[in-house]
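Two complexes are shown next, each including chain A; its partner changes from chain B in the first to chain C in the second.
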Partner chain A sequence: MSAFQPALSAVMRLRGVTACLVVDEHDGVIVDSTLQFGMRGNVLAALLASLFRKARQSVAAAGFGDSAFLTLEAERGRVCAVGQGGLVLIAVADPRTNLGLLRVELNKARAGLG
Partner chain B sequence: MQTAEAWVATPLRQFLDDARVRVAVLMNASGQVLGQAGFARSTDVMSACALAAAINATAGELGRQLEGKPFEGVHVAGRDQQAHLGVAPTPRGPLLLLSVFDEHTSLGLVQVFFEEFRARIAKAALAIDASAPQLAADFESDLNRNLAALFGRT
Partner chain C sequence: MSDEIHRLSDELAHDPSSLAFLRLAELLRRSGDVAAAERVAQRGRARHPGLAAGHDLTARIAADRGDVAAAEDAWRTVLRLMPAHAGANKGLGFLAYRTGRLRDAEAHLAQAARGNPDDETIAVALATVRAELAAAAPAPPAVVVAPAAAVPAAVPAAGPAAIPAPATHVEAAGSPFADLSADADAILIVDRDGLVLTGTAPAGQSEREAELGAHLSGVSDEAERAMRHLELGAWATIVIEAPGASVALAPIGGLIGGDAVVLVAVPRTTPLGLVRRVLDRATQLARAWLEARA
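Now for the complex of A and B:
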């Protein structure tokens, strides 16, 4: 079991969360993950790490600091991401997920990233 | 972007647009160039192709020795730039795609779009004349013809 499993499990326990991944922000490759069967984890990881990196750079360029919480809302779900120490923690959730709880869990888990 | 064979143009262009790599060269397993982007001199392409073909042969044999099957992807991370060498099986034999990229993209993105490239190039290869030789009898003149097609020399 990797050091990230407790954090992944805590996020995955929330209702409606279908995937949780720890991804290298720079390379966009998966460090550890828990995914529902059939999800293309490597595609999610690569695209979301790239998105998160650019969002974090945008926030830094605006002078708002380095840390960021990214939420991407779509018709049938949402993706949330937090970063720490060159790693990104990504959660994929359906619309019934309590966003507040998800945010709390992700922020708690962020501390354990690096 | 320049291609020596027209059927590789669309898949290669799509890969370049999606993956945002700086330099890419597509070749067959013997190192004959089929298309390239980012190189200014034919000698550079020739060197890159020869090295990539040698790396692929070495990695393939190393994989066979260690795991019983060839390694299919090679990634080298430099300080500012990285290189990825992938193998795309096609009905006309395996093709190699060497990509060089920087911080504007990532290894994950290059791998994801390389998977899409593999599917597209295999489909494109199906559409061309399968009876045409995959490696011409006169390798050297074919290599020179491809380089001349890319860089406009005879």
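Now for the complex of A and C:
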């Protein structure tokens, strides 16, 4: 079991969370993940790491500092991502998920990223 | 990353013929210092004109700058040196897709997939292009599916711009967001090119707001790309919480809004729920403002 599994499991226990991944921010490569059956982990990792990187770099370039918590809401789901030490912890959830709880769990797990 | 940049710079200083320029320029490019990356790549290319990787690097840097012609030239040079180079075929495929040349895109991406069958991003892009060819859509694609690694991120996407007026035509007075100014540090309408259409300060008179719009508008392109492949539907809001502020984005949408987004920056201490409410209201006001100018 990797060092990230407890954090991934805690996030996955939340209702509506369908995927939770630790991803290398620069390459979009999965370090560890827990996914519901049928989720395409590699695609999720590559695209969402890229989105997080873009968001982090953009707010940094705008002078707001160099770390970020990203929340994206879409028609059929939600994505939250938080970074630390070159890694990104990403959660994908359906629209019913309690966003407040998800943020709390991800922020707790962030400390374990490195 | 900066340590490695330092180390590679030293290595190149001691041995200018070293191939360390490839890694150094790539790191500089990823760190956003495209000008320095270009200088390093140019010097390396001059010393190693027959090295395909050097031209591939030049192409990616040119694509970052939005110089489609230079990127194409450099990738075609790569293919002259190495006809099956997967990276060059991938890059040319994405450029062709962006400019609506679906047949060219399909040919290059198919060649790239043969050279790199494990690259899922190529497979996804190829499937997208083939689906569009099959659908025989009369109009060129509006957006791109390129992955970040090889993506000419700064290349303007093809597609119609539905924004009614460029930034320079916006009246200096009468911000549509006057009612919300107490809740936010900045509220802007930004077009697809990152130009501010209007905001809480008169358009064109606030360098800070122009900077904010330019830096943040690219996030929506990245979100669109991700949503298209993740089957989550269209994105509705993005909130980025940074140490210095929270920034929220929403597409204005519809025929009037086109690809424009509304961008709200609030102090970091603002509760997230309030950020969403301010963003919702700002989106309504932005839509009304654009409709009034259609």
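As a convention for this text, the second predicted complex is superposed on the first by the 114 of 114 C-alpha atoms of A that agree within 3 Å, B and C clash if a C-alpha of one lies under 4 Å from a C-alpha of the other, contacts with A are read in each partner's own complex, and residues count from 1 in each chain.
Following the convention adopted for this analysis, contacts are C-beta pairs under 8 Å (C-beta built on N, C-alpha and C of every residue); 3 or more make two chains touch, one makes a residue touch a chain.
Here the structure is a predicted model, which means the values were calculated and not measured.
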Superposed partners chain B and chain C on chain A - clash or fit: clash
Of chain B and chain C, the chain that contacts the larger number of chain A residues: C
Partner chain(s) touched by A:18 [first = chain B, second = chain C, both, neither]: neither
Chain B versus chain C as contact partner of A:29, first or second or both or neither: first
Which of chain B and chain C A:51 touches, first, second, both or neither: second
Touched partner set for A:64, first chain B, second chain C, both or neither: second
Which of chain B and chain C A:84 touches, first, second, both or neither: neither
Chain B versus chain C as contact partner of A:75, first or second or both or neither: second
Location of chain C clashes with chain B - one stretch out of 149-157, 167-175, 203-211 or 239-247: 149-157
Where chain A meets both chain C and chain B, residue numbers: 26-28, 42-43, 46-47, 50, 53
Chain B residues touching chain A - in the complex, by the definition given at the top: 103, 105-109, 111-112
Touching residues on chain A, where the partner in the complex is chain C: 26-28, 42-44, 46-48, 50-51, 53-77, 79, 92, 99, 103
Residues of chain A that touch chain B when the two form their complex: 23-24, 26-29, 42-43, 45-47, 49-50, 53
Of chain C, residues touching chain A in the complex: 30, 32, 120-121, 124, 147-149, 211-212, 215-216, 218-219, 222-223, 225-227, 229-245, 247, 265, 272
